[in-house]
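Just so it is clear, A, B, C and D label the chains in written order, and each chain counts residues from 1 on its own.
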Amino acid sequence: MIVVMRTDATPEQIQHVIQLVQQLGMKAHPIYGTERTVIAAIGSKRDEYRQSLASSPGVDSVVPILAPYKVASLEVKRERTVVRVGPLWVGNSHLGIIAGPCSVESEEQTLATARAVKAAGATALRGGAFKPRTSPYSFQGLKEDGLKILATARAETGLPIVTEVMAATDVELVASYADLLQIGARNMQNYRLLEEAGQSGKPVLLKRGPAATLEELLLAAEYILNTGNQQVILCERGIRTFETHTRYTLPLASVPWLHQHTHLPIIVDPSHGTGHTALVPDMAAAAVAAGADGLIIEVHPNPETALSDGYQSLTFQQFAETMDLVRRVAEAVGKQINAPEPAEAICLP
Amino acid sequence: MIVVMRTDATPEQIQHVIQLVQQLGMKAHPIYGTERTVIAAIGSKRDEYRQSLASSPGVDSVVPILAPYKVASLEVKRERTVVRVGPLWVGNSHLGIIAGPCSVESEEQTLATARAVKAAGATALRGGAFKPRTSPYSFQGLKEDGLKILATARAETGLPIVTEVMAATDVELVASYADLLQIGARNMQNYRLLEEAGQSGKPVLLKRGPAATLEELLLAAEYILNTGNQQVILCERGIRTFETHTRYTLPLASVPWLHQHTHLPIIVDPSHGTGHTALVPDMAAAAVAAGADGLIIEVHPNPETALSDGYQSLTFQQFAETMDLVRRVAEAVGKQINAPEPAEAICLP
Amino acid sequence: MIVVMRTDATPEQIQHVIQLVQQLGMKAHPIYGTERTVIAAIGSKRDEYRQSLASSPGVDSVVPILAPYKVASLEVKRERTVVRVGPLWVGNSHLGIIAGPCSVESEEQTLATARAVKAAGATALRGGAFKPRTSPYSFQGLKEDGLKILATARAETGLPIVTEVMAATDVELVASYADLLQIGARNMQNYRLLEEAGQSGKPVLLKRGPAATLEELLLAAEYILNTGNQQVILCERGIRTFETHTRYTLPLASVPWLHQHTHLPIIVDPSHGTGHTALVPDMAAAAVAAGADGLIIEVHPNPETALSDGYQSLTFQQFAETMDLVRRVAEAVGKQINAPEPAEAICLP
Amino acid sequence: MIVVMRTDATPEQIQHVIQLVQQLGMKAHPIYGTERTVIAAIGSKRDEYRQSLASSPGVDSVVPILAPYKVASLEVKRERTVVRVGPLWVGNSHLGIIAGPCSVESEEQTLATARAVKAAGATALRGGAFKPRTSPYSFQGLKEDGLKILATARAETGLPIVTEVMAATDVELVASYADLLQIGARNMQNYRLLEEAGQSGKPVLLKRGPAATLEELLLAAEYILNTGNQQVILCERGIRTFETHTRYTLPLASVPWLHQHTHLPIIVDPSHGTGHTALVPDMAAAAVAAGADGLIIEVHPNPETALSDGYQSLTFQQFAETMDLVRRVAEAVGKQINAPEPAEAICLP
């Protein structure tokens, strides 16, 4: 890290910082500039030191040099991680397509959707059984009954199941049904949940929080990776900005940025990222062109009666058309969607 | 809610929406304007309907009219809630001052700080035992040992203890030591935790998430209030914006806005809200002038060696000076800080 | 517009608003709901009324129903506007590619770049002669000498010239050289400049301000359209958000949103939108997949010595590779880049 | 500046950067860390170098050390600037209160307001004659007729006039009437206007753009200061964030931050900063507690019929009450509002 001294820092203050840096186990390397002195501190392992040094007298600011994430870093592991769960392949040239309803509402609704998205080319089924809702008065999900419905849909279609787990105490239950555990945006920094999900041994889909920086997303991934579970998929689903014409702002540049800094695959959620059905197809195409390793899309038999997220769900027909568009763009950028394999042959983890 | 139709909506589409509104149990009231038709839907209780109606053919948008929060609303309860925990009074004309270290690091550090902040006029002691840290490589807190140290400090000073609980499974343990349970900004929408904290019966300090709207903050408070626990204090601690000269942006207008929409007291955290020691005193004063019902401030015996948040902690001397400033401003706006009562007489809940 | 009354509004306050609405020349249509009264005001033409009504006693808020932009609206003109300047076609299925250096630094640099971008398939040359720089100590551009160099490059390559005009008083001079006048992001709401540029009769490229909503962008376009100049191209170039890994956040969902609300073509600037050379190619591809009608990209013979924006400029080789990628994605989404026509045949306006 | 090399940078790349730094006239000082090399470049005067070095092969990023603003910096001029225009004193312990209507609508409205705000203790009169309006269909101001009305109000009350100038070509006209030229938020980076305003010799009130960083605000101020005009007042008026309950987010921490980095006085606009009459009084008080050197507040005889900004204007009564509150807080933090001097004695510049 680089400790930048104030222009009016005294020689005593500079000397004090040099000693403090050394006491903290680092090598201090002062550079005397024309207007101010900066002190390079070499060998630091801990971010805390940066924070405390900033409060020493005469210090203007402390600039970190090393990225705080480690295991997730492309500098540590040069080979890209590919996550495979049956027909769902995510990473490298493989584009995983996860589709399904926001909430599991009934067996009929879920099965119909599973069949439709499989027919259109999806490689996994999403569906919420435990729903984190902004309002306590909103539909909270069918809970274990919802998980059972998802299992039925998997048995029929062979599509692996992606579903959200909201609490550390639910991980065991949800993991006994799900093929891929989803950590929602609101829980990106629920560290106890991250650790439990990691320890379940299931692959984990980690969604970016709407106010999280990409560094914070990678540090949240480290909580999972540190349990020894390397099967982590990152998901960009939009951030909070001043824009109001979309529900969130979908910053697709995070896809190439992440590809240049981490080996983990990154998928995009154009449904939450826009909040409007009419914007989903173009943004799905844009995400793939930006290099995304997959998509997660909300699909519903009849959005105008959906119990959640109707305004951003695609109908079966809209999803099929979106898949045609996505396939053409995928080919243009050298990616392919794996056709679902027959249910008999499926190798779920 | 108001359903706004597109200018090119057909009479059939308008009729379909009217019927759908009626099927959902609401009264439909169409208004035919010069350029477009809008349909007022009266009697709605559920936000879901708004979401699904937005996806009906010919609908441009759906505008909610009623605020989604209920129990927290000033329209429901006109009398302001005052939370009292021993010498800490928060609400109405009472200004509660919660001060102490970011993390409990040792008994010596915690006791010294407790004595200093009490002497300067604080009415409660803060200190983190369970620390939610962005990086898994940062100091994670002393856990139960930290809680014991806080209890020791309370025994000596009579100051009630405010400390964070990070997980639903920790609520029982933390509540057995703490006087006021703090829900951190990262966990504002950790609904299981909110419910557990509510059920503990302890007063709860709910910090605003850095990307949360004020409506979302009030809806999170409803999760607690719905358990029957009415002792909720809201805390503004800054939001994520494009500004980088401060750690977060502290939007003090949320204080009067909340006072005009909820009966719950609202305090301000100028330490996290700015992220710089040098900005804390002026923003503490500004918060009180804006009408805040209290402050939560980080204080450390020696910020340059703190294990967390050193760059935003005040020294004992700085805190004492800040309290002098705060007291003068409090008087100017008609608020008072309750002097801590003797330890013997303390009525902890 | 819809005037939402407070729940505690008195009958007198409701009556007062109804009368005020009528005095302002609108029809008042009150709707008495279960919890509050709302008053639909029909026939309003002026946004001012919305603002003033909001301050009437008993009013909670006023919700606009009609979009404030008119001439730019797709509801007014259903046919998409196509802007053509010689080989540059922008709109509908035509993808315009504007490329060149941030600043015109020398004839050599500009000519070399013009040749290279033409060879790679660009259909117009960009280059700044008048540079709006954040700091008064930065290079401010070659001014008229720069315009002359651009004219030389046009004479040789046949590429039309796109260059920024910073001040109303410069419009005549710049328009005497340029084929397409660029209004920079900082000047999106410099209304005098918008009017002058409109009156020049030249096509105008209007960049979105980094804090502007899409409504504000369309209203700024109306200032130009109202001069009778219909040749306006909108440009998304990124907004200010909390993200720091990119210079701005490039919200590509604005492309389909604008296509669904305006007939004007929209292009994307992935150079300013990301601020990093390494992110430009993928975001150029993503913009085209999102439906953009063109791109504006910074290219420099030697970015590491550029006088401005070196960190986001492509080399000639990088630009050629980006064009290959863009062409494949354009084909996938049904768009085509017009090959530059021979210089002899060029029909500049 | 500090050039941070990638961890996989080759010795040749490091050597190339060292040479490039030297060619650019700086001293290169490499530091070989445990994981990567950083190169301190000493003696840089130009921000351009930072930008171009960032695109050299093997470079990860370039970190600036020196602040880019100079003349505005507190490090350059330790003595705080006080701007005085007749009874209006702004800076140090002097609190300037600028109040009046958003727009000058008529002589009657303006004179009534001028008398009322003077009686309540304001020390200057604001009023817009040239109005930059988001929509071309909104009221655009009375232009020179408005300036004449303001002059009449000054003649009667002795209050100096603060009014906006929107275009470089209007500076001479507006400066012939105004005592303090206001540069609006939309024009903060209209550099030609800044230079013209500076050259007028009149004091300039520079409002922060809603997406501008504080560094950009200070650099905009440098454009004025560089004309030799030292009479610059900065104004915080809110930034664009995801918050929608207020028109803008008013980040009061910018007040102490600016006081710690510049000698220029800073005032606050709680009217635009909140956009709601009901929030203005508390935020006016908070601004003063945060250390602001003044306030600019919108006041209107009858906000519900105002031609602009009615929803955020105070009535005369509300303004008088706000002044009482402001006076008490000012006293608490050691500031004073100068009582308007008799009109005879006024020393306008």
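As a convention for this text, a contact is a pair of C-beta atoms (placed from the backbone, for glycine too) under 8 Å apart; a residue touches a chain by one contact, two chains touch by 3 or more.
Remember, it's a predicted structure, so these values are computed and weren't measured experimentally.
S.K.: Per the definition at the top, count C-beta pairs in contact and tell me whether B-C or A-C has more.
M.R.: A-C
S.K.: If I average the CA coordinates per chain, which chain comes out farthest from subunit B?
M.R.: C
S.K.: Find the geometric centre of each of subunit C and subunit D from their Cα atoms only, then give the gap between the two centres in Å, rounded to an integer.
M.R.: Whole-Å distance between the two chain centres: 26.
S.K.: What is the distance, in whole Å, between the centres of subunit B and subunit C, each centre taken as the mean of its C-alpha atoms?
M.R.: Those two chain centres are 39 Å apart.
S.K.: Using the average of all C-alpha atoms in each chain as its centre, how far is it in Å between subunit A and subunit C?
M.R.: 31
S.K.: Out of subunit A, which residues touch more than one other chain, so two or more?
M.R.: Only 211, 239-242, 244 qualify.
S.K.: Looking at the complex, which residues from subunit C come into contact with subunit D?
M.R.: 20, 45-48, 51-56, 62, 68-70, 132-139, 166-169, 186-187, 189-192, 209-211, 216, 219, 222-223, 226, 239-240, 277, 303-311, 313
S.K.: Which residues of subunit C touch subunit B in the complex?
M.R.: So the residues of subunit C touching subunit B come out as 2, 4, 7-8, 29, 31, 33-36, 38, 40, 42-43, 63, 65-66, 75, 240-242, 244.
S.K.: Considering only the defined contacts, which subunit C positions touch subunit A in the complex?
M.R.: Residues 211, 213-215, 239, 241-246, 249-257, 260, 273-274, 276, 278-279, 282-283, 285-291, 325, 328-329, 331-333 of subunit C touch subunit A in their complex.
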